[in-house]
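The letters A, B, C, D, E and F name the chains in turn, as written, and every chain counts its residues from 1.
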Amino acid sequence: MSTLFFIFIGALLVNNFVLVRFLGICPFLGVSRQLETAVGMGMAVTFVMTLSGIVTWVLQHYVLSPFGLAFLQTLLFILVIASLVQFVELFLRKMVPVLYRALGIFLPLITTNCAILGLALLVAQREYDLIQTVIFAVGAGLGFTLALVIMAGIREEMQFAPIPESLQGAGIALITAGLISIAFSGFAGLVPM
Amino acid sequence: MDENIQLVASTAPHLRDEDSVSMIMYSVVWALVPATLSAVYFFRGQAVGIILTCTIAALVAEVLAQRLRGVPATLWDGSALVTGLLLGLNMPPTVPLWMAALGSVVAIVIGKQVFGGLGHNPFNPALVGRAFLLAAFPVQMTKWIAPFDAVSASTPLAQGAGGIYGYGHLYLGLVPGSLGETSAFALLLGALYLLYREYIDWRIPVGYLGTVAVISLLAGQDPLFQLLSGGLMLGALFMATDMVTTPITRAGRWIFGIGAGVILMVIRLWGAMPEGVTYSILIMNGLTPLLNRWTRPRIFGHGGVKAQ
Amino acid sequence: MVFNLVKDFWNGVWDENTIFKLQIGMCPTLAVTTSAQNGLAMGLATTFVLVCASTLVSIVRKLVPKEVRIPVYIVIIATFVTIVDLFLKAGFPDIHAVLGIFIPLIVVNCVILARAEAFAGKMPVHRAASDAFGFGIGFMVALLVLGSIREILGMGTWFGMQVMPANFVPWSIMVLPPGAFISLGFVVGAVNLISRRSAAGSRSS
Amino acid sequence: MSNSLRMVIVLTITAMLSGLVLSYAYEAANTYIQRNEEAKLRLVILDVLPGAETYETLASKTQPEIPEDDVTLSEAPPTQQLIPVYRGLDKNGKEVGLAFIVENPGYGGLIRFIAGIDTRSNTLTQIQILEHKETPGLGSKIADAPFREQFSGKSIADPFVVGQDVDGISGATVSSKAVTDGLRTTIQEVMKRHGKRG
Amino acid sequence: MDISWLSMISMGVVGAFFALVLAYASNVFAVDTDPRAEAIEEILPGANCGACGFSGCSGFAEGVVTGKAEVSGCPVGGANVANAIAEVMGIAAPADVKRKVAQLLCAGDCEQAKNRAEYNGVADCRAALLAGGGVKMCTYGCLGFGSCAVACPFGAISMDEKDLPVVDEDLCTGCGICVEACPRDLFQLVEEQQGVHIRCRSFARGKEVRQACAVGCIGCRRCARECPEEAIEMVDNLAVINYEKCTNCGACVAVCPTNTIHWQKDKPEVEKLVAVG
Amino acid sequence: MPAPAKVILSLQQHTGGPSKPLVEVGQEVKLGQKIAEASSFISASLHASVAGKVVEIAPHPHPTGGEVTAIVIENDGSDEWAEGIGPKGSLDSLTPEQIREIVKEAGIVGLGGAAFPTHVKINPPPDKPIEHLVLNGCECEAYLTTDHRLMMERTEDIAFGGKALAKALGVKKVIIGVERNKPEAIEAFREIAARDDLFQVESLEVKYPQGAEKQLIYCLFGREVPSRGLPADVGVVVQNVATAAAVADAIKKGWPLIKRVITVSGTGVQEPKNVEVRLGTPVKDIIEFAGGYKGTPGKVLMGGPMTGVALHSTEVPVMKGTSGVIVFPREEVKQYDPAPCIRCGRCVDACPAYLMPVTIANFAEKGMLQEANQYGAMDCIECGCCTYVCPAKRFLLHWIQLAKHQLLALKRQTG
């Protein structure tokens, strides 16, 4: 049990995907202007991350490893993720419109979100089993959401601030991310990773 | 009657409270005097040098940054002075002066001015400066000496409860540690003044310290030792109560204090960092906008007793 | 003709620099720029994939039905990425070890797909290639700049050579995650300032 | 031809072509990759085992087997998994020592290092850090000579405790402990399995 | 089996599988969308990078169609994409329309127009009106707090040192936001080549105007009499130019006793069909 | 104070639609003659406060800064009452309808400041039964003492007016709420309550804004008037003590509302005092009566220092809702230069409506009206507490007022 807990906390706080591993920076900067959108995006990423984590795990264990095709990893994973995302989007739009309105609009953004592929690759690299993979994916997704939500909160306040012109937008967002990252570095060493 | 008098037009209210931003800032400076004196008493010349360096560097950085931004300089509102002084009190006594100055510059520039200056910084500038230095120069920033002499020593926290320092040492500050953090007595003295003037909200320190005490009890630690050691007193009384970076609602301040306490104890009990006060407050600073949003007071007349 | 090619190239290097102006492809930028050398290597790898993928996409652009455009482009990109991955692993194992999973992650660098979609999918081969080359170089320059700053301040060296005075104490935060964010933030701000100044200059003259 | 069919065909062909291309690329690169890895390993093994000319692999870390009955996880510390151990041989084919790779989580991530034992004197020859993610300037000092060299010549029966027989790096207790703890447990394990009997 | 065959087959199978699934899904789960949004999505780079602040390219396209996003909102696409989107949306300005620019109809700067009180409050025109209706003695003129300059999205309006807004006609796009923003209704969109303007909006009687402002229209009618085109008429003590008739001759400027009428001499004389016919 | 030479009676003295003039320029009018009538349901009549000749019906400066049509009457000094002014009979003989009619004819409006027409307030819709009438004796603004004086000098009249209003409303209980810093007034009312069961006296904590209707109700009954609702929604009607006194005048003597007591005070006036003035008296005459300015005047307020209006000119006349004229000398008037908000949260702590003033003000500053609305801009009671406590001296209320103003305009626009 404790290993699972460590995997979760590690992905959520200590080695936060955005703040420490630099995965998913583009949506982190792009979709963190409003809190509502940030929450939606975070949930969508968590969902897809878990789903693609499972699918890629299956592929890794039943196709790539047994046949010695590890070199096809990148190609196969990205193909799977892209198709999966598109499928989920189509599916939700038709079958669960409520959920689609909440999450679906973020789905196209996720295809090129390196956090998803990054997770699949990390899972393969670390040789997690299926349950560990799910916990890791959920933790990483929630960690992404946490970073996104904190950022969105700060950026919503920032619209009232006289930020130097040339730093407005990406500049100040990156500096803020850096400061959040400093704050999160306090969690270092919490988990033996 | 002279009909050429020009009256002043403004909207209500026409009376204002006497308090002003600079009054608050200078009061904080006054409240830090006991801690500063104790720092100078325990660590002598080094303390004087570091604290002076930090404050001067902060003031210079403030002026330069504001000139670069092309906004009027607000050197005398006292905010840069507070930041510099707080950072100085957060420095270990052996830190090189250039490092202290760098911390001040980082605190003012990255911690405050890039966000648009006073009132717009999401994180406490002094803590940003300290955390930056901690990450940049971990060795120099964690080198401690015992008071009154230059013998290197480890902090009470590193020794754990039951180390060579008793409550009395901790309370008065006769322990190794950052310049201003050691003496709980001096810090409390200043904080009581601020509480009396209502310049800090009691909810945050009470929530923070209370949570630390409760969790240490639950975790089988010595609560009093946990409260008095490390930078907790300085952090809880002077940094976590920084108005700019803490919630504006009362409920938000409670959550802020409690959250900081939980994070601190998590770091102290399981983390690898030598001290978690800085990080616990910084993380809660980051959550502050969200706390403000989620603890919006219920507006008068919304959901009160409905018409019969 | 040549002018067009130069323009396409310069567009990617400066006008629409992925990092400085568009702020896409940030993940590898932040992650691998702990040293100038790593930045350069990542930039080169990305440029290679970008140029190859754009060229190929431009060649096959008329054969691909629009519904499967994206999956096909992704497959093309992923193929080149894997080639780079294998090449580095075979030829430069040290660099490969440092760049880690960020080599396979080139595949999700939005820049590549964006250029394939926005430009290569619609333009003839030579223009697609020069556009991709421009964007690749622009990306590489950004990584090199950031890598240099972080390496010099964080370790006192540049491409492994000691450039700071001997008594310089390295700021280790610069090679840690916060340093990456903060320095890129300031670099982006500085580039904004420069392009604003030059825009203002050209307007007034 | 229906649109859907065209979609399927184009995508399939593309995927197959890329699979083909990559398989050739892989075969071309693979020999180099393996050669690189072997060369690197050989270098460090021979480095930590002075006097050795060749080595043989006693155990190597391969794909871990997931026990059928325990899908969740193994609670066991990583050191009890199969440890890669190499036996160094001098030019006469006589054993000079054992080299083994230790992995233990440090402050920033896994610390991977190789250690050598002179089996004739039962002392440590030296350790070399292969991989670590410790804080630069602090935990990263485990890779520096002053820290590493204090292990050379130590008896394998030593306690390996920071503060007792090993000087830790000030401010980086976690990193220092990760090395000593990993060393202590692994030495025992290695000696138990591969140590000379008697 | 040979590794190249293996990889070809496995990739082929996976590729075919997903292509089938997607082909199936896109048929089964097809949903109608705004054709314009689709057209815009076609134009967009398709990187789904989120740099626009929307959830991917389709989100942005939808935003454009529903009016939530600017046509130029895609930073990746740049000007070309923006133009193409504008074309889809049908909002590209037709070339033959004469450009209009905003013109300020008040010349009462802080020296010319007197104050009746001192103001201490928010520096915003609409807010100043709340504090006793503005402190200028003239209740029609510019309040001088620059709400128009703040409102202008193109940075075309700046406040001069005498607290009067100045329109940079090069930057002005004639969007009319300033017209909306001014609580005193002092902006008017006027065709670019018009160079003569009566810069006063005070309907007060001459005596009151004189008391309040040195450059206000006192309703003396001299300009109306002087105008060869009969382009100036009097409305409630105020001279108003009919730009349809005005030819920029400047005759009115010479006779105005209070210098209320301004003449930008660099503008060419306008040939008016009305004047000829 | 003596009647002035000229009164300026603005047609907009109250909340609601402006009154419609009934007289013409040049016409002679008598004291108490109705010169303008209510134009709509929420509106009030207006009566001549001097006898004399109407000299002008034209726009005239209004305290709020703009110009509003006013009837100007030149005083002939005769103070001759108009016909038909006289006692209306004993309270027992009057029906609730008759009381409402008397109040309406007398042009009585809330004299506490808001000037809401009283006859509307005592005629609540039948679906909202009224349980309590509250007489508001909480004069919580600094400097203002008119209600305090009235409560001590005209205790009986206030009680009589309260009784009349209670009858009109059909309520069985009249609660008189007085702040603790006026013990004599509390004592005087206690005597009345001792002999009349109808009344109940509550002494209340001294705090601002205790006198605000909704806050007073909350304090007395623990009920919150719903957002954008009326006190009638929780079964309460609140009337100012001065209004009650005016009602007493209207019934006992038949006097319409032509004069009122106002406080002339502040550090910029020679002899601070409470004076009874005719409606329409220009402020400068009142200041003169109080001995003139002390030093150079910097601010002349109509109303209290927290909610009053700063006048541009002392030509403006006293209105029905004017409770005081306060003068501050030049040197005491601070010009505030707002510093950046330091997010101390004092405005949030201070807001009696539990709003987050700084957030609303921020939204207002950025023109984000919908967000301001979400944060409850329209629930602001404009008490000024937030601005008072702000250490950065920001014009919080001013921004919120702007947001409210724009929101209302938007609402009108979109219907």
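Note that a contact is a pair of C-beta atoms (placed from the backbone, for glycine too) under 8 Å apart; a residue touches a chain by one contact, two chains touch by 3 or more.
Please read these numbers as outputs of a predicted model, since none were measured by experiment.
Contact with subunit A and subunit E alike is made by B, C, D, F.
Shared contact partners of subunit A and subunit D, listed by label: B, C, E. Most remote chain with respect to subunit F, judged by CA-atom centres, is D. The two chains most heavily joined by C-beta contacts are B-F. Each chain gets a centre from the mean of its Cα atoms; for subunit B and subunit C, those two points are 41 Å apart. Centre-to-centre separation between subunit E and subunit F, using Cα means, comes to 43 Å. Computed from the mean C-alpha positions, the centre of subunit D lies at a distance of 85 Å from the centre of subunit F. With touch defined as above, residues shared between interfaces to two or more other chains in subunit D number as follows: 3, 7, 10-11, 14-15, 18-19, 22-23, 25-26, 107, 135, 137-138, 174. Counting partners per residue, subunit A has 26, 29-30, 71-72, 75, 79, 83, 86, 111-112, 160, 164, 167, 172, 175, 178-179, 182, 185, 188-189 as the residues that reach two or more other chains. Residues of subunit E in contact with two or more other chains: 3, 6-7, 10-11, 14-15, 18-19, 22-23, 26, 47-49, 51, 116-118, 120-121, 130-132, 135. Screening every pair of chains for touch gives A-B, A-C, A-D, A-E, A-F, B-C, B-D, B-E, B-F, C-D, C-E, D-E, E-F. Interface residues of subunit D, counted against subunit B in their complex, comprise 107, 135, 137-138, 170-172, 174. Looking at the complex, you find that subunit B touches subunit C at residues 99, 110, 132, 135-138, 140. Note for the complex: subunit B touches subunit F at residues 1, 5, 7-17, 19-21, 23-24, 74, 77, 116-120, 201, 243-250, 253, 292, 296-302, 304-308. Subunit A makes touch with subunit D in their complex at residues 2-4, 65, 71-72, 75, 79, 127, 129-132, 188-189, 192-193.
For subunit F in complex with subunit A, the touching residues are 362, 365-366.
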